[in-house]
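Each of the next two complexes has subunit A plus one more chain, namely subunit B in the first and subunit C in the second.
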Partner chain A sequence: MRLAVIGAGAVGRSVVDLAAEYGHEVVAVADSSTAVVADGSDGRNDGVDPEAVVTRKAEAGIVGDDDPADALAADYDVLVEATPTTLDDAEPGFSHVTTALERDRHAVLANKGPVAERFGDLQAAVADSAGEIRFEATVGGAIPAVSTVEDIEPGHVTAVRGVLNGTANFILTRMAAEGLGYDHVLAEAQDLGVAEADPSFDVDGTDAALKCVILANVLSFGAADDPADAREFTLDDASVEGIRDVPGSALRLAAEDGRTVRLIGEATGETVRVAPRLVPENGTLAVSGTQNIVQIETTHAGRLNISGRGAGGPETASAVLGDVGRLE
Partner chain B sequence: MSDARDGAPEPAEGETIDTSPDGGHAASTPSTHTVRLELVDEPGQLLAALHPIADNGGNLLSIYHERGNKTPRGRIPVEVDFEATQERFEGIVEALRSEGVNVMQAGTERYAEEVTLLLFGHLIDTDLSDTLSRIEACESASVADVSLAAPQGTEESSSARLRLEARAGETERALAAVRELADEKDLRLVEPLTGVEA
Partner chain C sequence: MRLAVIGAGAVGRSVVDLAAEYGHEVVAVADSSTAVVADGSDGRNDGVDPEAVVTRKAEAGIVGDDDPADALAADYDVLVEATPTTLDDAEPGFSHVTTALERDRHAVLANKGPVAERFGDLQAAVADSAGEIRFEATVGGAIPAVSTVEDIEPGHVTAVRGVLNGTANFILTRMAAEGLGYDHVLAEAQDLGVAEADPSFDVDGTDAALKCVILANVLSFGAADDPADAREFTLDDASVEGIRDVPGSALRLAAEDGRTVRLIGEATGETVRVAPRLVPENGTLAVSGTQNIVQIETTHAGRLNISGRGAGGPETASAVLGDVGRLE
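Coming up: the complex of A and B.
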């Protein structure tokens, strides 16, 4: 497959880096202000030089001399949308995806915005296109959450829950293990690169909620006979509580009773909820550090648990490239 | 008092004792009952409330006397578990009422479900004992255990771990009541994942 990678952050760069290993070719890469589009002018028949792109991004902060619009117009089979997640109208990611669909090309998203905030609009665009969309990388990084739900069939899945934010989980784990306060552990997480300078998106539960909203859409649209009848979820439909004010004393009291607190997200075809919850200390859901876990409740197959790395460039890129493989 | 004792309970007492040995299976098999009583905070009240149970053929199992925890009417809630046949049970409740004991609840159903949760925030400033007695006043649940962790002073938020006993199938109702109370007092509630043996 020929890929156009839009977005040159950790995930976009890893996709560029690993594409060849999965048998794909990158024909265009764009960041927010520049692009590189393969046209044979660099003496190569096809494809951009992944190493050159990654190096140039690291050294000069740009990916090439072309305009980002050129990358969107390039001759690709699959557009990889890996720009930062935006809310509400989910732009510019949403337009990148619909541009690909209008050209009857596929799109693979690592950007949560379009699938969380405008799932219905995307489904309508897919219905009018010969292209498809896939978005495994938007939920739980390397964990195959969406494709597992699809394999079981959304109509046979009653709920999906889990720990879907590594930053919040790292903070809760450290607070409980070391008896430290939230502020101290947050500063530590920021030094380690586990938390961003502005950690709101993670610690307020927004990121986990977006993932649950996406899962709720998968369940709702997947179980409906006619997509027009399916209930669409957006972030506004989610009940969200974060971990910012959880005191160390609460974790201590939980530990005294063999329990701990985890930021748990739950999605059904009807509700989305993210909140700190009490779980058994040694239970399945009490994963440690930046680990994520997805727990799927099914009608006939019992409960499935999949844990693993929920973030990271190569991890998320592996989910993106897995999606590309499914489109072949 | 003595009028009442001579009245209603007596025939009931004679009847149950005489008929139970050869009565129907359901009626003659003793089962566990829980009654929730409200007692006036005066000496001797508890003993007075237990007499009608023992006198009418109830086999006392446990007494949970929630001293320090008052109902909205300022009385002390007491929970009594005992074994009795269905017929005797009805006689006991009748005897309690005719003794002037306020029976808040009487049923064969014991608290079947247990749920642990955390509350944090300004627990002290928002009157923890009021919080607990209001949870207690909720029909679905009873507070079985409370652990409190409060930092020095009341500036920082404190935490409490509560173990509630809820009636069969009423855990969700009990949690809803706590949720509402937490909202009202601006406390944060960490609910357990119920129905999930994680």
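Coming up: the complex of A and C.
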């Protein structure tokens, strides 16, 4: 498939880097202000030079000499939406996706915004298009959460829960392991690049909540006989509590009882909730460090647990490219 | 889809029982000596009465008044092969599958025999047919092992390993937990119905080995540019050691070191090996009781762990019906 990669952050760059290995060709790349297009028009070679693009971005901060609009207008099969997650109207990511669908192309999202905040609008745009959307990369990084739920069929899944944010999990793991306070461990996480300078998206539970909202939409729309009747979820529907107020003492007390604390998100077709919870210390949900785990409750097959790397350029890119493969 | 269910053991009966819930219709059921066919020919109603079939089997030991050949000749979309696993020529299961393919129908297998022992022959039959085969239910019960490897793409998977036999795992778990010997725990497992009267298939590692052989075939054929060049695996290629000779003392010694023993199977595109191994007591591979776990090593996404119920009528039937859904 021919890919237009919109967004040149860690995920976008990894998609550009790995696409050929998955048998796909990148014909356009855009960052927030520039683009490079090589889709065969204008006699230019078919396909960008992945290494050159990534290098230019690293050294010069831009991907090319064209305008981002040129990437959106290029001759591609699949648009990869990898721009930063935005809330509410989820722009500009939402419009990138609808532009592709209006042109009867497919869109694969790593950007959570449109899927969490405007799922109904996306479904409507897909209904009017020959193109499809997929969004495995929006939930759980390398963990095939969305496709596994789709395979089991949302009507046969009663709940999905898990540890969905590696930053928050790393902090809680370190607090428990070392008996250190939140501020100390947050600083350590920032030094390691596991937490951002402004960590609120992760530590306040917003990132985990967006992923749970996406899962709730998948369950709700997937189980509905008529999508028009399905309940749509947005971030506003989620009950969210982060980890800022988890004291070291809570972890010590928990440990005396063979338990620990993890930021657990849970989605059903009815509710979305993120909060720190006590879990058995050596239990399935007590994954360590930046690992994620998704636990799927099914009607006929009991509980399925899938754990793995929840984030990272190559990890998320493999989820994006897996989605591209499913579109073929 | 219209299903012909060949085999009326626990899995076949569960498929008959659950098919309607997944949106499918059972038009024929066969056990080893009888069949019931209701495919709309002869003016008979389209679709068997699932409850009546299961009840008749339970009470009278037969499913109907027709001959099994009638089920194979019925008007179905998908043949579900759920007869007992047989080795070497994998008959009669292998011929049930090729009969379906020769009629340009699909086949979904829960029977490991044809997939483990005659993978190459199956691929050849599929190549000459408009039908496809799927076999999720042959590995790991409810765990979507095969489809996850397919999604990641076999070329991007370096190894698959795990605990793939619930009977052996139950025995080792109980030996470790209670400090009891193998014979005592085996008797307990047989009382509970977790182990069969002749448990050798499970405790000698044969069942786990067949599943690893299937995974090795998926990796080998999936990664090959030309399936004709792919290395084919059979049970004879597997190095297999079971749990009969694991003494209670080994488990006690292991526990002192924070470890335990599990029967681990591993498949790469080159080797298949099953043996008892020391694993960290609270680690990912140390699943308990009859649980299974599949660990997938990937090139770009690190390690994925999927755990859940590895066996059972409804669990395995959900894997079969999931495969039917993928064929649509």
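Going forward, the second predicted complex is superposed on the first by the 321 of 328 C-alpha atoms of A that agree within 3 Å, B and C clash if a C-alpha of one lies under 4 Å from a C-alpha of the other, contacts with A are read in each partner's own complex, and residues count from 1 in each chain.
Going forward, contacts are C-beta pairs under 8 Å (C-beta built on N, C-alpha and C of every residue); 3 or more make two chains touch, one makes a residue touch a chain.
Predicted model only: the values in this text are computed from it and were never measured.
Peer 1: Quick check for you: in the superposed arrangement, does A:A107 touch first (subunit B), second (subunit C), both or neither?
Peer 2: A:A107 sits against neither subunit B nor subunit C.
Peer 1: If we overlay the two complexes on their shared chain A, which of subunit B and subunit C does A:T284 touch? Say first, second, both or neither.
Peer 2: both
Peer 1: Tell me the contact category for A:S307 with respect to subunit B and subunit C: first, second, both or neither.
Peer 2: Touch status of A:S307: second partner only.
Peer 1: Is A:G325 touching the first partner subunit B, the second partner subunit C, both, or neither of them?
Peer 2: Second partner only.
Peer 1: Considering only touches as defined above, state whether A:I133 meets subunit B (first), subunit C (second), both or neither.
Peer 2: In the superposed model, A:I133 contacts neither subunit B nor subunit C.
Peer 1: Quick check for you: in the superposed arrangement, does A:L215 touch first (subunit B), second (subunit C), both or neither?
Peer 2: Neither: A:L215 stays clear of subunit B and subunit C.
Peer 1: By residue count, is subunit A touched more by subunit B or by subunit C?
Peer 2: The larger set of subunit A residues in touch belongs to C.
Peer 1: Taking the superposition as given, does A:D151 touch the first partner, subunit B, the second, subunit C, both, or neither?
Peer 2: After superposition on chain A, A:D151 lies in contact with subunit C alone.
Peer 1: Where on subunit A do the contacts with subunit B and the contacts with subunit C coincide?
Peer 2: 284.
Peer 1: For the complex, which residues does subunit B have touching subunit A?
Peer 2: Touch list, subunit B to subunit A: 116-118, 120, 147, 149-151, 156-161, 188, 190-193, 196-198.
Peer 1: What residues on subunit C touch subunit A, complex-wise?
Peer 2: Checking each residue of subunit C against subunit A gives 18, 21-22, 141-144, 147-148, 151-153, 156, 282, 284, 298, 300-309, 314-315, 317-319, 322, 325-326.
Peer 1: Which bits of subunit A are touching subunit B when the two form their complex?
Peer 2: That would be residues 161, 241, 245-247, 249-250, 252-254, 256-257, 259, 261, 264, 275-280, 283-286, 295 of subunit A.
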